[in-house]
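Okay, got some structures for you below.
Below are two complexes that have chain A in common, paired first with chain B and then with chain C.
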Partner chain A sequence: MNTYKLDITEEHCPMTFVKTKLELTKLNPGEILEVLLKEGEPLDNVPKSSEEQGFEIVEISHVENDIYKVIIKK
Partner chain B sequence: MNDVVRNKKLSIICFSGSFDKLVAAFTLATGAAAVNYEVHIFFTFWGLNAIKNDKGRHFIGKGALAKIFNFLMGGINNVPLSRLNFFGISPKLMNRMMKKSNVATLKELIEAAIALNINLYSCEMSMNILGIKKEDFIPEIKEVIGVPRFLEYSAGGERIFI
Partner chain C sequence: MDFSEEQIERYSRHIILADVGPEGQEAIMNGKVLIIGVGGLGSPAAFYLAAAGVGTIGLIDGDIVDLTNLQRQIIHTTPDLNKAKVISAKEKIEKLNPDVNTIVYQKLITSENIIEIIKDYDFVIDGTDNFPTKFLINDACVFIQKPFSHGGILRFDGQTMTYTPGNACYRCVFNGPPPKDAVPSCSQAGILGSIAGILGTIQATEALKYLIGIGDLLTNRMLIFDALNMNFNTVKFKRNMDCPVCGDKPTIKELIDEEQAACDLN
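Let's look at the complex of A and B:
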């Protein structure tokens, strides 16, 4: 099963959500997307909106400073 | 993967053809589509300039007056800032500032709207006035519609006029 990576630490609303959504649509069921994002709005809302769309949040971990990694399973 | 429930809907009447208001319309639309809203954008009057195939100034349309009007209005590359336009210099400066700040430009937002399969419509009445056809717009325009059809598509959701 493939794991894909997406870095949206330099993005702002709405592209944080847009890029995550477009990346997730490319995945097959069961595949994993690792998203690097910043705290604040992206961290508050990317996991939440991904769950609302039926994806599973496997893990949220702190990477460094204000950067977090969210692991999403389709 | 859980079952996806998609019951949220946002419909935007895009009347304005100014750079800043188009950025607002496409930011709302793409943001909503990204969090699983069903999104519809109904382009009417000045808003039609955002979806023309010809991105610059071209004499399109049926009849001399329509050709002049369409030339003066131009396409997406000519949209003015609603304030402090300074003969078209400001949108270019704004675009540069957006790029520098890593904020999506109008062009990127429109590309994102297309990638997210947002439903784009053009207004039949405005097209008649301006003498333009569906072929004058980008191919992603799903349908040419009027008020009743827009009300039907947007029923049960939120409607915004920009």
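Let's look at the complex of A and C:
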């Protein structure tokens, strides 16, 4: 199983979720995507939208300053 | 699924949608839709299909842009007067979305050329203004099993249904064109311009749903709306076994150009 990584710290809504969703479509079921994003809108919305569209949020952790890592399972 | 950065941004609101997503957007971009009649219905349909990124849009119309068109045929503008409608529309489509390949046919659709033109498309939009052509489109689409959206508007009213192979066709509901004297002339009837926008946009939506493969199309039902009271109703019907074109014993076996009704909108 591969683990994919995506950095959307420079993106703004709605491109944050657009980029996440595009990356998730490349995964096979069960594979993991690690997303680096900023707090605020991205942290509020990307995990929520991912869950709404059937993906599983495995973990959310603080990396540094305003950057968080969200682990999403397809 | 290799979208450019520009395409990712342009189609981001589609990609986000759970029922569209990158796969649905790719289906749209591989889609080929023919719009017959680039007037009141064809204008909004062409705009939305172009904006959505439909890969190939065919436009067929033999008319030129007339001042009386501009009250509702929104793809044409005042500087386009006397220009061929298909050229005027192609220019707008290319400005809106350079990804779209626009193919134009500056001619009337007839029993002689219709099959050759529609056969290469995935979906056909009937944006015509007269009964003989509506029946011709229906019959041709039934003959070669081509999905299409029927649309008709008059005054404050509109109606639309979608044909897909195996389901009811336009002739299952209406046997043939109404008698000539039953069709009101254009000046008697008139049309509120925005009605065309409502209906053409519904037709574009059906085309997109078909390309993506989502939802329920307007098959085996006719959507009828009356904008004065803003009532929308759907009337269900079934494939008619006695239908002269798609029934069990069809009597129409070749395409014909029926007599043009009194109102030949330009």
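Brief remarks follow.
As a convention for this text, the second predicted complex is superposed on the first by the 74 of 74 C-alpha atoms of A that agree within 3 Å, B and C clash if a C-alpha of one lies under 4 Å from a C-alpha of the other, contacts with A are read in each partner's own complex, and residues count from 1 in each chain.
Note that a contact is a pair of C-beta atoms (placed from the backbone, for glycine too) under 8 Å apart; a residue touches a chain by one contact, two chains touch by 3 or more.
For clarity, every value in this text was computed on a predicted model and none was experimentally measured.
After alignment on the shared chain A, the placement of chain B and chain C results in a clash.
When both complexes are overlaid on chain A, the residue A:52 reaches chain B and chain C alike.
By the touch criterion defined above, A:74 reaches chain B but does not reach chain C.
In the superposed model, A:29 makes contact with chain B only, not with chain C. Touched residues of chain A were counted for both chain B and chain C, and B has more of them. Once chain A of one complex is fitted onto chain A of the other, the partner contacts of A:17 extend to both chain B and chain C. Overlap of the chain B and chain C interfaces on chain A comprises residues 14-15, 17-18, 21-22, 49, 52-54. Of all residues in chain A, those touching chain B in their complex are 10-15, 17-18, 20-22, 29, 45, 49, 52-56, 73-74. Interface of chain C with chain A (complex): residues 1, 3, 8-9, 12-13, 15-16, 18, 21-23.
Touching chain C in their complex are the following residues of chain A: 14-15, 17-19, 21-22, 25, 49, 52-54.
The touching residues of chain B, when paired with chain A in their complex, are 1-4, 27-28, 30-31, 33-36, 101-104, 108-109, 112, 115-116.
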